[in-house]
Amino acid sequence: MRTLVTDMSKKIQVGILGATGMVGQQYIHLLENHPWFEVAYVAASPASAGKKYKDALRSGWIVAGNMPASVAELVVEDVASVEKAAKKCALVFSAFEMPDKDEIRRTENEYAAAGMPVFSNASAHRHTENVPMLIPEINAHHLDIVPSQRKANGWEKGFIVVKPNCSLQSYLAPIFALHQAGFPISDVLVTTLQAVSGAGYPGVSSLDVIDNVIPLIPGEEEKTEVEPVKIMGEIKNGKFVDFKGINISAQCMRVPVSDGHLACVSIKFKGKKPSIEEVTKVWKKFKGEPQTLDLPFAPEQPIMYRDEPNRPQPRRDRDNDKGMAVTVGRLRECSVFDYKFVALSHNTVRGAAGGGILNAELALKKGYIHAK
Amino acid sequence: MRTLVTDMSKKIQVGILGATGMVGQQYIHLLENHPWFEVAYVAASPASAGKKYKDALRSGWIVAGNMPASVAELVVEDVASVEKAAKKCALVFSAFEMPDKDEIRRTENEYAAAGMPVFSNASAHRHTENVPMLIPEINAHHLDIVPSQRKANGWEKGFIVVKPNCSLQSYLAPIFALHQAGFPISDVLVTTLQAVSGAGYPGVSSLDVIDNVIPLIPGEEEKTEVEPVKIMGEIKNGKFVDFKGINISAQCMRVPVSDGHLACVSIKFKGKKPSIEEVTKVWKKFKGEPQTLDLPFAPEQPIMYRDEPNRPQPRRDRDNDKGMAVTVGRLRECSVFDYKFVALSHNTVRGAAGGGILNAELALKKGYIHAK
Amino acid sequence: MRTLVTDMSKKIQVGILGATGMVGQQYIHLLENHPWFEVAYVAASPASAGKKYKDALRSGWIVAGNMPASVAELVVEDVASVEKAAKKCALVFSAFEMPDKDEIRRTENEYAAAGMPVFSNASAHRHTENVPMLIPEINAHHLDIVPSQRKANGWEKGFIVVKPNCSLQSYLAPIFALHQAGFPISDVLVTTLQAVSGAGYPGVSSLDVIDNVIPLIPGEEEKTEVEPVKIMGEIKNGKFVDFKGINISAQCMRVPVSDGHLACVSIKFKGKKPSIEEVTKVWKKFKGEPQTLDLPFAPEQPIMYRDEPNRPQPRRDRDNDKGMAVTVGRLRECSVFDYKFVALSHNTVRGAAGGGILNAELALKKGYIHAK
Amino acid sequence: MRTLVTDMSKKIQVGILGATGMVGQQYIHLLENHPWFEVAYVAASPASAGKKYKDALRSGWIVAGNMPASVAELVVEDVASVEKAAKKCALVFSAFEMPDKDEIRRTENEYAAAGMPVFSNASAHRHTENVPMLIPEINAHHLDIVPSQRKANGWEKGFIVVKPNCSLQSYLAPIFALHQAGFPISDVLVTTLQAVSGAGYPGVSSLDVIDNVIPLIPGEEEKTEVEPVKIMGEIKNGKFVDFKGINISAQCMRVPVSDGHLACVSIKFKGKKPSIEEVTKVWKKFKGEPQTLDLPFAPEQPIMYRDEPNRPQPRRDRDNDKGMAVTVGRLRECSVFDYKFVALSHNTVRGAAGGGILNAELALKKGYIHAK
């Protein structure tokens, strides 16, 4: 029988599903030298199965740094070989990029059914009833749904956790921090300027973004508007109840930037408007469970506020605190709503693989993960 | 004595002040082969005076096309030689880019005092009491202020007309068109994604925009919010009265695009919300005096609405109707206000030199310009 | 029986094969308002067949300008319907972008067999024995091979003409011009900085070129080195004989530029080295048959030499003479070879669709094309 | 009296001249947490003198990371206050970016005369007779000139060391490594694709490089061709003697890349051509004094060879080994010379501040630096 992981002196073996894609590579990159996790298993489509990882990358290693030597030599497994994964891994990260969401849901379910916690970057399960969609600084307590999820599915050890869309990671923490501090916000108008890496690889054609902006990211505005109400919601009677107190309207633009989503946000408070000093103080002091639990991927300060008038900027701020901090700036009066500000987060770190890793760290620390 | 220009068979001699800068070059480029105007005079700072135009450009010809051969050989005059200009030109275009606005105001006044109509791209005189700030499709009737302006300054023939900031050219016509059609708008939240050419040359450092966005354009948000109330205002008792019925809040971003300002706009109607069909119909049918008067630089359709979901785009739409049309798209419901849409205009054509030329065409056709 | 086209008062009906791709769109864009040709037929893969052209574009209209209204309404035909094309078109332009060269060769052959001249942008037939690979200013006389080609294939009216790779269009005319003027060149080292549009659409991933250079364009260096020897060759006994007198070595880089291939060229003369003045004079005076025959797409001056030290530049020079001129600059001494220079051509105009159109104009004017 | 630095347990106080510019900031960034050096002194023009460093940056902190807190609070000194610097610093890094080379030479001389070793990034002293121009892996022994330099100038402790231009850092080590291994090269044709940061800040206008390439970097080709002969030269009788055995011809292009200079190199061997395996083996095994002495900024492997066909790439390889390694790839046959390859180095790390720091580490380890 498998037991809860409590001995941190031995690294936990993890698997990456969809390991050859851009997000898969990013997971492998970020997990190199991780203090708790070790990539021991890589799975991809049947076309890649059987090859060494280093030979399975059609376009080579496209993320930062160089391919970790230990992973380069791993043999890629077929994602269908769930039992094999279950033998090798204590948990898996799902980095699937295929368009068929039913297939993703089914596959992630199979891994969970086989006893594995699944930390997914895919959108397929974001609105599945009892699957928590975590930004650990905001709703770490949503993990409490896991027993209900297991029960509903008849899973003993496995479960599924997802992270929300990258587009909202920049501005939701600042909004939640104010909410939590007693300054609830009723209306949000946000325009996002999103990096091309958000579309995966090959993703956006270079002909579409050189000297250009694309004013459409299919499905993105809906996700940006809808996901926050689940994240900010509560669990009642073993079920998620959406947070109803906020209206969000988003315009999502694709700009010629490699990494880093910028959001231009206008907010209206439900009640009394705090002063600029009060707002920035709330942001600077904001901490969540990842900070309390001292998780390895937790940024020291989840919301960094910069006083310089021309920050945050994607290229210069996306890597703040290893890409896990949200950087905010330009808080100023708004002549229509109450305030305007600009927020930035690294979409393939905090907004993708880094966020998934933080979710797994949280679940581990909270006792949801069993050794193989 | 000088007489009104009525004979269009002979080209009108015009001068360019600040002719060696980027906007000056753009004027020269756009006026090549103009049916009414001919660049006969170029003026710049004393450092350039006395040189042939082609030898006075420190960084060469930086705008589209090649330097018109006739202008290349003109000798650059000192901008201080106002009388010389008055002898040669029936009007001047002011393309000053120097930072000192007092100096610009003083210099433009001198040209007007010497009897010349001055069509300015500079912001210096935009809030001078009796100087019209024109978007001819919106407020051509603001030219009626000219007699008051002349009287107040003791000018006989000369006068000054300015054009507004490039940042608002994309979205103000769509808003005005609805206003005029009986659908007044009370609130506008706009985020602009602005091209680097808006900052002139050398302007924005390449190190600031490669793979990056700069979330600050000093002074731009204020202009974007304030100028529309003058443009949409009325003349009462020989004075402009601001339009009070609209609140605008802007966030202005600099993106790595050479030309073309994109605006992401959210609007709330004062009264009943028209249907999407009504709105697009208003836009498609919108015409102003430039169209009625058939001015050479008037776009056929000032507001082009594109049905494709991923348009307008700066690189692919900025040149629509020779860069003088505003291209609009993505009109859709907004969950906070009434509608959202995206609008684009070419900032150095419609938003700068092209707009100035259209102003001069309008003034000429309306009988404000005298032959030399 | 079909007769030679001699009456230019009626437009010639042409077809575009692969009409929905980027090069196909570029053909349609450039042929709008062509004085001789009119797009009357568009063909693509079975997936698009039966749809209106405007509904068949998966990613919309991605080239310059707007979709010509007349073409928008054409029904896309299956490329396999060769007989249908033969009834409607006097000639076809092949803009195939599929990877299978055998399939392209077979399909182009079928159109030729059905009696149609085929002007191809594809590389499939570039080294087919009796298919001319034309840059009309250099080897217009290679059209003389057409009777041999027809005979060898048993074709009565149809034939195939190809254009060379876009990478060599910038520097081969300058080299040929010197060769023709009595200054043959023995060695050429060239580094090309190529635009992303050279890879078609979607082509190069934006993640590969934002803030980056890709030092590999598969197959490109070989084409750049090998194709010139056919182009500069002669016809002997009805067969092409390669030009043996020149060694070319190329390095082909992909840079973050939308359109316009730049070549940095170092040359060594076989014999006496002409002076810089002699070289630039040769270039400025260079003309070919397209100029003599006054073909509509012929640039007035095939090689434009710019004296400014910082030209040619892709964005500022690619559109010279409607994108059909090669712009050259920076001719200077080389400490290893004789001279160095920089040359530029628009890869999707001169280097693709524009070049194909010029080939067809040449063939028409030379009497190779029959009316339907 | 000052004594040689031998106790590494205490950090050595260093000063940055031109500390507010881009290269100055880069020095400060790279020296944060340096094991031997500590920035204790920052100097700039009189306009900045007296301000806190954090308040003296006109355009803010523009390099990677955030401004080190300790430096932020330092008061900027006037560069003319040489004596003050001499009291505080054991050595200075010169990051001057002013155009007047005479002024730079004079100022650097004053610091040396005051007893300070000066490690300069400026080009002013590169061809001064007894000033070593170091790439420590190539010509560490050029430091032996220091006694002659001191004697010639009457300096007791101070001296000046420069680093070469950033454009040649990518390809000179690979060439030298072959030379040293017994495969001397007679001819080099190189085209460089250089990042905009090479021009400093604000440097290149964004309007010049968006969707563009600039085929001119004033003075760069000459530096690229001339500096290697000094670097590869020897000291005879206390004087540098140029290396005469190599001809280099360069074309230097500016491309829209933030950091990382790429070189496309064609080489011809003087004698027998080694095999591809021999060449890559030489490169992989190449080490110099920085590696032997285990200097903190020395890359483990000065020349990294990548086997992937599409590497090196600026964005993905510039940071290899903290930006201090040269990354090489695509070694292949050349049809004109012997081989072609592509090489990359980080121009503001290895090619600027990082290179200067490595020079200082070398001088320190070799006993040229005295404690304050």
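As written, the chain order gives the labels A, B, C and D, with residue 1 at the start of each chain.
Going forward, contacts are C-beta pairs under 8 Å (C-beta built on N, C-alpha and C of every residue); 3 or more make two chains touch, one makes a residue touch a chain.
For clarity, every value in this text was computed on a predicted model and none was experimentally measured.
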Please give the intersection of the contact partners of subunit A with those of subunit B. C, D
More C-beta pairs touching across which pair, B-D or A-D? B-D
Averaging C-alpha coordinates per chain, one finds the centres of subunit C and subunit D separated by a number of Å equal to 44
Nearest whole angstrom, what separates the Cα centre of subunit B from the Cα centre of subunit D? 47
What whole-Å value do you get for the distance between subunit A and subunit D if each is reduced to the mean of its CA atoms? 40
Of all residues in subunit C, which are in touch with two or more distinct other chains? 62, 208, 210-211, 256-258, 310-311, 315-316
Quick one: which bits of subunit C touch subunit A in the complex? Just the residue numbers, please. 22, 59, 62, 196-197, 201-211, 256-258, 315
The residues of subunit B that touch subunit C in their complex are 60-62, 64-66, 210-211, 258, 308, 310-311, 315-316, 319-320
Residues of subunit A that touch subunit B when the two form their complex: 187-189, 191, 193, 208, 210-216, 218, 225, 247-249, 251, 253, 255-258, 262, 264, 266, 309-316, 329-330, 334-337, 340, 342
